[in-house]
Every structure is written in C-alpha cells, then in structure tokens.
Amino acid sequence: MFRHQKELQFEVKVDKPDPMLARQIQEVLGGQFGEMTVMMQYLFQGFNCRGEEKYKDMLMDIGTEEIGHVEMLCSLISQLLDGASPEDQAEAAKDPAVAAIMGGINPQHLLVSGLGGMPTNSNGVPWNGSYIVASGNLLADMRSNLHAESQGRLQVARLYHMTTDEGVKATFRKMLARDRYHQYQWMAAIEELEVKNGVVVPATFPPEAEKESQPEAYEFWNLSEGDASSEGLWATGSAQDGTGDFVYVKEPVPKGQDPSNPIPSESLHHDLNIKK
Amino acid sequence: MFRHQKELQFEVKVDKPDPMLARQIQEVLGGQFGEMTVMMQYLFQGFNCRGEEKYKDMLMDIGTEEIGHVEMLCSLISQLLDGASPEDQAEAAKDPAVAAIMGGINPQHLLVSGLGGMPTNSNGVPWNGSYIVASGNLLADMRSNLHAESQGRLQVARLYHMTTDEGVKATFRKMLARDRYHQYQWMAAIEELEVKNGVVVPATFPPEAEKESQPEAYEFWNLSEGDASSEGLWATGSAQDGTGDFVYVKEPVPKGQDPSNPIPSESLHHDLNIKK
Amino acid sequence: MFRHQKELQFEVKVDKPDPMLARQIQEVLGGQFGEMTVMMQYLFQGFNCRGEEKYKDMLMDIGTEEIGHVEMLCSLISQLLDGASPEDQAEAAKDPAVAAIMGGINPQHLLVSGLGGMPTNSNGVPWNGSYIVASGNLLADMRSNLHAESQGRLQVARLYHMTTDEGVKATFRKMLARDRYHQYQWMAAIEELEVKNGVVVPATFPPEAEKESQPEAYEFWNLSEGDASSEGLWATGSAQDGTGDFVYVKEPVPKGQDPSNPIPSESLHHDLNIKK
Amino acid sequence: MFRHQKELQFEVKVDKPDPMLARQIQEVLGGQFGEMTVMMQYLFQGFNCRGEEKYKDMLMDIGTEEIGHVEMLCSLISQLLDGASPEDQAEAAKDPAVAAIMGGINPQHLLVSGLGGMPTNSNGVPWNGSYIVASGNLLADMRSNLHAESQGRLQVARLYHMTTDEGVKATFRKMLARDRYHQYQWMAAIEELEVKNGVVVPATFPPEAEKESQPEAYEFWNLSEGDASSEGLWATGSAQDGTGDFVYVKEPVPKGQDPSNPIPSESLHHDLNIKK
Amino acid sequence: MFRHQKELQFEVKVDKPDPMLARQIQEVLGGQFGEMTVMMQYLFQGFNCRGEEKYKDMLMDIGTEEIGHVEMLCSLISQLLDGASPEDQAEAAKDPAVAAIMGGINPQHLLVSGLGGMPTNSNGVPWNGSYIVASGNLLADMRSNLHAESQGRLQVARLYHMTTDEGVKATFRKMLARDRYHQYQWMAAIEELEVKNGVVVPATFPPEAEKESQPEAYEFWNLSEGDASSEGLWATGSAQDGTGDFVYVKEPVPKGQDPSNPIPSESLHHDLNIKK
Amino acid sequence: MFRHQKELQFEVKVDKPDPMLARQIQEVLGGQFGEMTVMMQYLFQGFNCRGEEKYKDMLMDIGTEEIGHVEMLCSLISQLLDGASPEDQAEAAKDPAVAAIMGGINPQHLLVSGLGGMPTNSNGVPWNGSYIVASGNLLADMRSNLHAESQGRLQVARLYHMTTDEGVKATFRKMLARDRYHQYQWMAAIEELEVKNGVVVPATFPPEAEKESQPEAYEFWNLSEGDASSEGLWATGSAQDGTGDFVYVKEPVPKGQDPSNPIPSESLHHDLNIKK
C-alpha cells in the first residue's frame, strides 16, 4: 500500500513560461526512457520479486521514489505552460523572434490536457507498457535498470543545453544527480550478482547442453567488410568468466543449409500449384 | 550495401510440426527482445556511428549477423507450421490429447501469413521501432546491447524446456551459444569504454555544474517500509568511481515545495472560476 | 445497410487556408475524443445492441450522424490545406510573421495525404480501436458516451479561440451545438436507466455476495496527506442509492498481508537459487 | 512524494494455481479499464489539478490507493502462475481435461515475465497512455472517472463467474466493493460540480456565440430507419438545464453544401490534370 | 450525410455458436485487411477526392457499402458468441473434445464486449489508422484498393475451410463474391488511369530531372547469391511503357562513398572526444 | 546469411544542414511506405517463400538492396542534422527567417538519437510490423509491392519540391529511378502470375462454391446519391477474366434480415432484464 506526502521530493521552480521546452521535457516524462518508464519498471520488478528480501525492498524504495519524479515533471511542465493560452500566444506572435517557436508547441498541451503534463513523449506518442521489463531474472533486469538510467541521464544532459532558464536548470541538476546515484546503485547490484551468478545470463543453463556449440560461444564473425573490428577487447583474449578464448573469424562461411519449404495444402490458397 | 548468401548461418531442422511452439517462438523473433530488435538496433547504431572506426565496423559485423538470425527463425517457424493446414488440424482434433493445444495456435499463422513467420511477438503484437535504442553515446548503447542479449538468451533458455523436439533444441543451442558470445562481446566493449570515459553516462556533463546537488548523487532514499535495502553494496562503501561515499537515508524528508498551479485563462474552459 | 447523400450535414466554409489550424483540428477528427471515436463507438454499440429496440435505433441514428461529422471535418481540413503546396510555403516563408507557423505544419498533410484529412490526431498518432467502448451494458456505455461528448465539446471550445477565421468558427459553432445536444441526450438515457437499474454498474451482481465487504463499499481512504478531501459530498452523507453512509477513514491501515512469492522451478532460469 | 508500506491493502490469497485465469485477470490489471488506467488517470488529474484544494487532495487519495491495487493484482497473478512451469504443464497435459486449457495460457507469462504480472491486457496488448484522460476540466474528467469505475466493476463481475477459486473470489469481492464506492464517489463529485457549473461541459462557452445554432442544440436527427428512438427521454420534454425543448426531427435533410475541392498544385503529384 | 436502413446487405445466419471461430473472424473485421480497413480507406479517399466527379461518386458508393460489411460481421460474431457465457463454457468443458478449443477463445469477447464484435484483429490487437491509405493520387490509391481486396478475399477463403457451419459458409460466399467484384472494379479503374497517366506513379515527375539516373531506372541488381532471378519478365525485355530495356546486373558494385559522420558538438554528450 | 560492404549503393551528399528537412525525410525512412517497410516486406516474403526458386531469389535480391536504402537514408539524415546542436540553433534563432523553422524540428533527433536517423515517421510515430504483408500468395503480395513502390515514389517526388539542396536532390533522383524500376519489376511479376493464375486472388477457390452468389460477383451497388459512378469501366462491359458482365444496380435494396440478438446469460451482467 502507498501513501502520498504533499511536498515534492525537490523544489521545482521556473523563471518564465516556455511551452516549447514543455514539449521537449515530455521526452523525459513519458518517453521510452522517461520517468514513467523507470517508475513502472521498478514497481513491476518489485511487485513480482521473488527470493532475497533485500532486492525487493530496494526495488520498492526506488520505484516509490520514481512516482515522485513523475509528479515533479508534471509540476515542471505545468509551470512552463502557464501563460500559453491562445490569447497569450496571439500576443506573442506579434514579435517574430518569439513567434518563431510557436510551431514547436505540442497542440495537445492546449487542446487535450489544458496546460498539464501528459503520458506521452516529446512527439506526443503515448507511453506504453512495452517500454518496461521485469523478467524475473535479477541480473538481466538490473542490466536494464543501469541502461535506463544511462539513457535517462543522457537525455537530461542534452535538455540542459536547450534552455537558459535557471529555475529549470536547477531541477535538471537534481535529476542528473539522482540519475548518477541510480547508475552507481545498479552497478553495485550487478557487481553483487555477477560475483554470485557469473557474468552470463541466465546462469543456470547447463554448460553440458551447450557443449556441442562450444566454438560458437567465443567466435566473432567478421560479416562486414574491413577488419577494424579485430582491434577491440571482444576479439582477443579470454571470455570474462575465463571459460574460453575469443576467436576472430575473419572469413566466415555459413554452416547451415539452403532452406527450402514445401508447398502446403491447397486450403491455404497459395495458388502455387497452378500450371498454365 | 548488403549481399545475401543462400545458406543459413546454422542448420535449422525440425523433427515434427508443432504450431503452438511456432507461436511461442515468435517471441524471440518479433518480441521486445527478439532477433528483429537486435538486428535493427545494431544496424541503426552502426549506420549512425560517429568516431572511432572499430566500433562502427564491429556494429556492422554483428548487425549483419542478426539479419541472418531473423532468417533462421523464419525458417524454423515455417517448418514448425508445415502440416498446420485446416484439414490437418481437423484430423488432429480427433485425438483429445493433441486437440488440447489447438486453442494455443496463432490464427494469423494460417489466415495472414499462410504458414510463415511474422514480425510480431508470441501474442501477435507487431514489432515496433520503440523497442530499439541508438542514442549516439556508445557506452549508453552498449549497456542496452548487453541487456538485450541477456533477455534474449533468458527467453531462449526458457523456450528450451517447452519442447522435446531435438531438431529445434539443436537450433536453440546455437542461439544460446551466440547470445553467450554476444554478452561477452558487449561486456568487453563496455569495459574499454568505462576505462576511457568513467562509469557514469554521460561522462562530459561538467562536475562543477553538479556541485550544488552533490549530496543527492550518493544518497539511497529509503522510501519503502523496512530497511533490508541497507544491506546491499549500493548502500555502503564508495561510488564505483571513487568520487564519494554512499549514504543510506533511513528517514527521508521531502526537500521541495507543495506545488500549486494558478488558474489559467478562461479560454481554456477549465470552468474553475465558476461561482455558484 | 447504409446510404450516402451528397450534401454535408452543415455548411463548411473557410475564409482562408491555414495549415497549422488544419493540424490542430486533426485532434477532433482522429484523436482520442475525435469524431472517428464517437462514430465508431456508437456504431459498434448499435451493431452489438441487445434488448429494447429503442436503444438500438437511437444508437444507429447518432452513429450514422457521426459518420457525417467525420466527412465534415475532412472537408474542413482539405479547405484549410488548399494553398499549402511547397511553393506556396516557400513564398510564405519570405514574411517572417507568416513563416513563424511553418514549423507547426503536419508534414504528412503534404507527403502522405496530399492535402486531405487523416485518421490521426494533432500529433500524427493514428486513431486506434482502443479509444472506443461497447461493453454490452447500456448504462456503462452511455456514461462513456456522455463523457466522450464532454471532452469533445471541451476541445472544440478550446479550438474556437485558436483561430479568427469566421468560416471555421461557424462550423465550430454547429459542432458545439450538436455536442451540447448529445450531452443532453446521453444524460436523458442515463436518467432512464438509473431509474430502472439503480446507479451502480452492473446492477445484477448479487448484494449478498458483497456482504462481507460491505464496509469497503462506503469508505473514503485518506491515503494522501491533509484532509481537505473530507469536505466533499463523497465523504459525508449517504450513498446515492441509500444503501449505506459514507465513512471518511482518516488514518487508514492496510488489511492485507506482506506478500511473498516462492521461488519457482529452475526451468524458468531465475537464477535465484545460486549460492556462492 | 510517495511512500510504500509492506502490507497489501487487502488480503490476496489463491486456493490453487490457474494460469488461464491469470491471463484473463490481466484485463483488469493492464487493459483499457484496468487498475493501471485508474491509477495513472487519477494521479495525472491530481498532479495537474488547479483550483480548489479539496479536489486535488481527493484525487491524490484515490490515485495513491490505486497504485496499491496494481500491487494487489500483481500478487494475485503471481500466485495463480505458481506451478505453471514448463514441467508442471507437461505433467498437466497428461490429463485431457486439464490440458484443454493449456492453449489459453499467455506465453509471455513464462517467456517474458517469468511468472509475474505484466503491463498488458488479457490478449497481451501493452497498456498505453491514450487510455487515460486528464483535461483540466473537472466535470469532464469526473465523468470519465465514473465511467472507468463502471467498466472496471463490470469486468470484475464477469470475471467472478469464470472461476470457482474461493480465494480469488474473496479478492474480487473487495474489488467490487471498492469499485462500488468509487462510483458513488464520482457521482457525488459530479453532483457538486453540476450544481455549480450547470450540466453541459464546458460551462464557460458564451451562450450568445451559440445563438445562431440554437436549434441544433435540441434536435434529435432520425438518420436511421424506424422511429423507435422517438420514445426515449432524449426525444421529448426539456433539456436538463431547462434552456430549451427537444425536437424529434423525423425526416432530416442536410443543411450543408455538396463539397468540392479544387485541384491543387502540380508539385503534389496528384496526376489529376493529365489529359490523354 | 449518411442514412441507415435496418436490414443487412446480405443475410447472416449461424447454425450453432462457435466462440473460437468468432475470434478467428475478427481478423476480417478489425485486422490489417478487414472490413474496417476498406471502409475507412474508401471513405477517406472519397472525402478527400479532388478532380473528376465519377471517381468520388464511385468511392462513396463502395465506402458506404463497406460500412454495411462491418455491420454484417458484427452480427455474425454476435451470433457465434451466443451461448459462450461462463456457465455454457463450464458445461462444455466436461466434454474434452469440446473443451479442447476453449483456450482459443478471445477473453475480451466475454470481459470487454459482452459477446459482441470488437475493433480488433484475431489476436486482439486494436485496428489503427495506419492500416489505411488515401494519398490524393488516384492510381496509387487504387493499386492499394486492389491489393486490399486481394488480401481480404484470400483471408476469407482460408477461413472458409476452418468451419463446417453452413450458415457461416453462406455468408462467406457472399463476401467472396463481393471481394471478387471489388477486385474487378479496381482493376478497371487502374486500367482507365494507366491509359491516361502511364503506368509509373506519379506520372508528373519530369523525365528530364531523372535523366542523370536513367540507367538505374531499368537495372535489376543481383544482390543475392544465384541468378534464378534472371529468368523473370522483370529481367528481360522492355519496360511496360516502352521507355527503356531492362538490364540484369549480375555482379553489382556500389556506386556511393564509405560514409563517415563528423563528431558533433560536446553539448550532445556523445563522449566521443574523451581521451584516456 | 548476409554480408555488408562499406560503400553506399549510391552517393549521398548534402550541401548544408537542414534539420527540418531531416524530420520530413523520416517519412520515407520509417513511415508506412518508407524504406524500412519495403526492406522488411521483401525480406519476410523471401524468407517465407515456397514454390518456384526464381521468385524467392528475386525477393532476396531486392530485399537485400532495400537494407542498403535504409542505410543511405540514415546517412542522409545524419548529414542534414550536422550542425543542429543546441548552440547552433541558439545562434540560428537570432535570424527570424531561419528561426521560423525551428519549431519544425523533431526534438528526438537531439534528445534521443543524438543526430541520427530513427525508426519512426515524420511525426515521430515508431515503425511497426503491421505496415508489412507477406501472405504466402505471390500475386496478392506482389500487388502490395507494386502499391508500396507507388506510394514510396509519390512521397519522394513530393519531398523533391521541399528543398533546394542540390546534394539532397541528387539522392532523391536515384531513389526515384529505383522506385520507377521497382514498379516495372512488380508489374512484370504480376503479369506473369496473372497469365498463369487468372486475375482474381486467390485463384483456387472453387467456382462452383461461388455459384449461388454469382450475381453479386459482377454488381456495382450505387449506394451514394448520384450516378456519375456509372460512367467508369467498372460499371459496363465484361469482367477482366471474361466470366461475366458488370451490372450497375442503380437502386439497390438490402437482401438480408433485420438482425436481432437475444439477451444472453445473466452472468454477463448486461442488466438488460431489469424491470422497474
């Protein structure tokens, strides 16, 4: 069960309205790596968590924090939209320099939400459940979490240069700091789990079953022209778990057959048997 | 520019048709972490790659390999669907044990694709472009790649137990081996980049700008009941880059304001000023 | 079976082209509460209607009217787009005041539809079938209809302030009038049904089955800080059907258990049993 | 800011696993009117709320409660999926009566979530942001809320008959009770607002602007054959706000023009000017 | 403006309920090439039509017919779902042969639509606006129409073998006949337009602008192994409009550059300039 | 299996950056008829192809070519985005004429892709698998292919007028030439197949089964007012395969029943039996 406290986690202040920035910020609210994504991802991982208590507790801590981040961004966007009424815009349009950005406004901020944040990205595409992952394998999921915080912080860093509003920038700095911590956090969880499980997900697929395809587990296939790719750590040395050495297959040849499918029953109406 | 060779990368053989398994395998063809995802993800990352040649070359190698994995899975699904014509099924339905699984068949495999693989997941939801990521930040993207291969291998491992068909299992073993290698590969690339960039994405956001929110970059906020979460590596010790020490905030209090939005212009028709 | 008459239900005239307004109007054509939604919603409710003839007949009347509203909006958008060819726009761009809005044009109106209306909203997101509802329970569905007309009229009222084109405004006034009538209409239908069924949907779930959870059917749970919420009609007095009195639970406590899920079979590859 | 308490709002117990029921229950978790919808809808309405404090406070109370309902349903689904591992199912398949339902299992519950709830409906379609509404007009939105609780309770009532599991039924009874209360709650809020605003949304569109389309605000257009539709309250008597009397237009004729669009610029490549 | 007549275009009768067939038939109601697609496609093409009257009139004729096909399919599905209530199914489940198909039922037909047709395909994916095309170029669009009727008739032909219900089959035969006529119809329209415009869409792109890429307009590039593709009409002889002769490029070489993108501004946080 | 060659199929050069054009070009990369669509469509048709070798080989040739077209467009978009960093834009905004288009930039090109092409259309809607078709019936699918190339060439022709950049125009000319050839190619394939199969898809549905609905296979139903539609080739003369003569049904009457659905079981909670 959850409870709500009136104050925001961090202060959210805006120096002056900016409806185009409001549109851009929607990316980190309702986009692929926005706060809705991490909120729903951590909550579902937490709700579904099985096994050691500390992981579930930790996921609930951070999932609950992220609901508050969605709240902060809605407040930020509402403040940026104050003063974006049709008449304000008609007034603004008289100054060409200001008018210039009018085309960049999200029309739904006026028509649909009445100056509020929306569950959509910066192009108005609705957030959807396929943005998140909760697989039941902790190491796999925490790799997703580390990745989500990496993309999220990258996007906030890019947004940071798209405004000169000091109020907004202060909010972004808090978000950058939390995203930094959350990257540390998932790295720490991953480190714990890799020590216990080994580095390959899933850990429990029996090695003997993979024996026959042993070579393929260490080969780099050079399928594009040029061999600059032979220079990376992925092409030389040993696997991270020491189970084998990497092989750079410079001129790979296919090992399979030329596939050929039979003509199926007439009832599928392929019209493949028709003879002139 | 690309070229196609007739043979499959690995042999794909099926002992006997199994349309329900064909439906389940769609998950690793056209699902969130299916082969279409890694194919399109690596190709877009490669096409958009800027900077050091070896990364682009490597992305093109593996992106090109993955097109061939989509090809292999289409072949696998076609073979599993041979013998799933309406009359075969009517025949099968006479044996209750066989009939039992008929409800689990994807009707589109008959009606829409005529016994071929489809760009959809195991529930028939079409693959879409928001499954992939290509951000222009190599470290961020390679964390996504490592994650995608982790989920992909996990799903194939789960599928492995859902059939007793030795032909199919042999194909799965090749896929498990490649997904194992690809996990090694992205770990190696990540290791290289973390040494160069540091572990936090993006690396270039200026630390002085983050100074004022320094504390928040190391704090764990305990927002759910219980403090089992204090036991993990994320709650004690130092950040992975040694820039600070973690703090477990056992009883966090909000630092922001109680947000309150003004009533906007009448032209938005909020009806908020109506007095009885 | 349906028939088409050449004339539009109401006159649709435009004083001068305005491609940005054309984009904005897409919201009330192909958006969540656009004319496509009410058209498809009333038609599906009518097609699927069971029971008293007058409801089906009424749904078919209004569903059929709404097809004509989609037609009117396509005509409106086509007229607003006349004169939005690439060369017209290049000409327009010479005047900065006019150029200002060019960025706000929907590129698909040129590239994809060739200056015609599209089945998408104001951000270009395609209309989809999950916007509509036809549940087979008349009272439930008519509440949806009243709601859809409320949002639809609100959006048209907002659009009304975004143009000074008298031709367009006249069309909007007709739409506002019809949306006003349609709100009356659904209120009337709801009133009839609430008298017959009672106010809670569905009416036929047996009260004795709900007996054990009787208290929870009248309790307001105060789960957010502050108790301003105690001031509304929802917190005091009796239920609308007189079956009980509302209770404001000021300090609610959970009644359930701390859920804990067992670790499942190894074949799911959770990696949860691994011991270092 | 939010906080989490370990216990569920109500007890969630399951007598025995039932993976097909787990799939069906996904509808009320991640479907159009599932708990994710009401949770996100009330939270966004609350975050964006402007004007009187008591409405915002009330929306935050119930939005926060609904996060806990998502949590309860995830617990319910996890419990129903325990024992749905591949080997359990292979065992089950030996009994034709049990096998019968195997085709009805959601394959993603095994492959993707590893036996946990998912943000998708009963057919596996991901939840998306266009399910919700937060328009900034309180009366419009509360009509949506009443509607959502009507559909939600209807679906739970239907689910109630699809199982004989007493544990699950007890959970459903709690949900039915809460959905009953929530219907009362929104009716009470609507009553308050209709008294203040009048019954038509939005209230503030100036009546004088509608004058010229006065007739159309009270007319029922009989566009489908038969006039059973003349029997309802919508066809006779006065508008609910007493501003006019309904008129049943038995043989309506169009009032608009036969629309005809000019041929646009050649640069749109319509090929309409080609003469043979 | 539109009008509705009570009778269906053709008789729709069902011998006995079959909820699994109801699910399968959803494909031709709300799938990619279902009746909703052709209905919306022809209506939008008609609404947006510019130029010669006879094309618009014809599009409105057939678009209006297709609304009635959606109506027929809703009736068909409702009849197939009669008798699919939970208790009917519990009863049915006692017979293993009947129970076998229970897993194949669309749970939304019970939970969401209450035994009515839905705007979704056979897997429950909602119909969406990107299924249709109305480009403003008549020849292009009529090629789409011919294609849609080809896929539509193919799917009905496949469905025909999935049932032995004579009532349903009679309805399918009417649909097959109409889809046959509609194929003739679009072929006739295409023939007219090809005579006038020539066969390449669009006709009005100036040939002189294409001069420099003249060769590429007639070359077949053999980019996959093997040259069986040299045997078709596309590889030999002249273009259909006699403007050139086809060339089979057996060993194609790229004509472009090795693309290389510069490293962009630091403010995009690519982290590409970091030197260890 | 596939291989990649470093050079692009054709040269891709850009005279100067233009982020608004980059957004518009996304339509032909990731839109309904963009290069991703033809690439995936031809590859799936090729992978699933059964029957004569030359068709599969040809589909693999062109599908493989199209992967290279996606690559070309990513290169084109990246080049157009060079110089679209936030600071470049701030600089540009000082000139109102340049600023005018800033609102038309896709914010995701900065925030999400870091100046690279994306798998989305010109409004940012992600590409999805329901854009493609691979039905197993060659004639049906090749009609789709001809149509896709018609829409694709139309969109490129429209784009051609939206820029004066000679570098970009040269790339467009190559695309127009290839799309011209691909139209010839599919026409040639269609011609071959129509000679063999006849013109109606599918060819194998037994004519005797259609006998009873013979008339409906040749009738044009005039369901919209006016009979301009009687003037086309579809209304007079004989069917293209000579099997019958067209009939223009000037005043069509419905042949079906007035459908009426029974009230279902109480357990569906329709509330239809409630008597006051």
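Here the chain labels run A, B, C, D, E and F in written order, and each chain numbers its own residues starting at 1.
Here, contacts are C-beta pairs under 8 Å (C-beta built on N, C-alpha and C of every residue); 3 or more make two chains touch, one makes a residue touch a chain.
None of these values were measured; they are calculated from a predicted model.
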item: Relative to chain F, chain with the most remote C-alpha centre; value: D
item: Candidate from B-C, A-B or B-E with the same interface as E-F, over half of contact pairs in common; value: A-B
item: Chain C and chain F: spacing of chain centres that average the CA atoms, whole Å; value: 29
item: Length of the line joining the C-alpha centres of chain A and chain E, rounded to whole Å; value: 33
item: Residues of chain E engaged with two or more neighbouring chains; value: 1-9, 32, 48, 50, 60-61, 64-65, 75, 78, 85-87, 96, 100-105, 110, 112, 114-115, 120, 123-126, 128, 130, 135-137, 139, 154, 157-158, 161, 201-202, 204-205, 223-224, 226, 254, 256, 261-262, 264, 267-270
item: Touch-based graph of the chains, sorted into line, ring, star, complete or other; value: complete
item: Chain E partner contacts - residues on chain C that touch it in the complex; value: 1-5, 7-9, 30, 36, 40, 43-44, 47-48, 50, 60-61, 63-65, 67-68, 70-71, 74-75, 78, 112-120, 126-130, 132, 134-137
item: Residue ranges of chain F touching chain C (in the complex, touch as defined); value: 20, 23-24, 27-28, 31-32, 96-97, 100-105, 121-125, 155, 158-159, 161-162, 223-226, 254, 256, 261-264, 266, 268-276
item: Complex contacts: residues of chain A adjacent to chain B; value: 5-12, 32, 53-58, 60-62, 64-65, 72, 75, 78-79, 82, 85-88, 110, 114-115, 125, 128, 130-131, 133, 135, 137, 139-140, 143-144, 146-147, 150-151, 153-154, 157, 160, 170, 173-174, 176-178, 180-181, 183-189, 191-192, 199-202, 204-205, 209-210, 212-224, 226-229, 231-234, 239-240, 246, 254-259, 261-262, 264-265, 267-270
item: Chain F residues within the chain D interface of the complex; value: 154, 157-158, 161, 267-269
item: Touch list for chain F against partner chain A, complex; value: 1-6, 48-52, 85-87, 93, 96, 99-108, 110-112, 114, 120, 123-126, 136-139, 195-197, 201-205
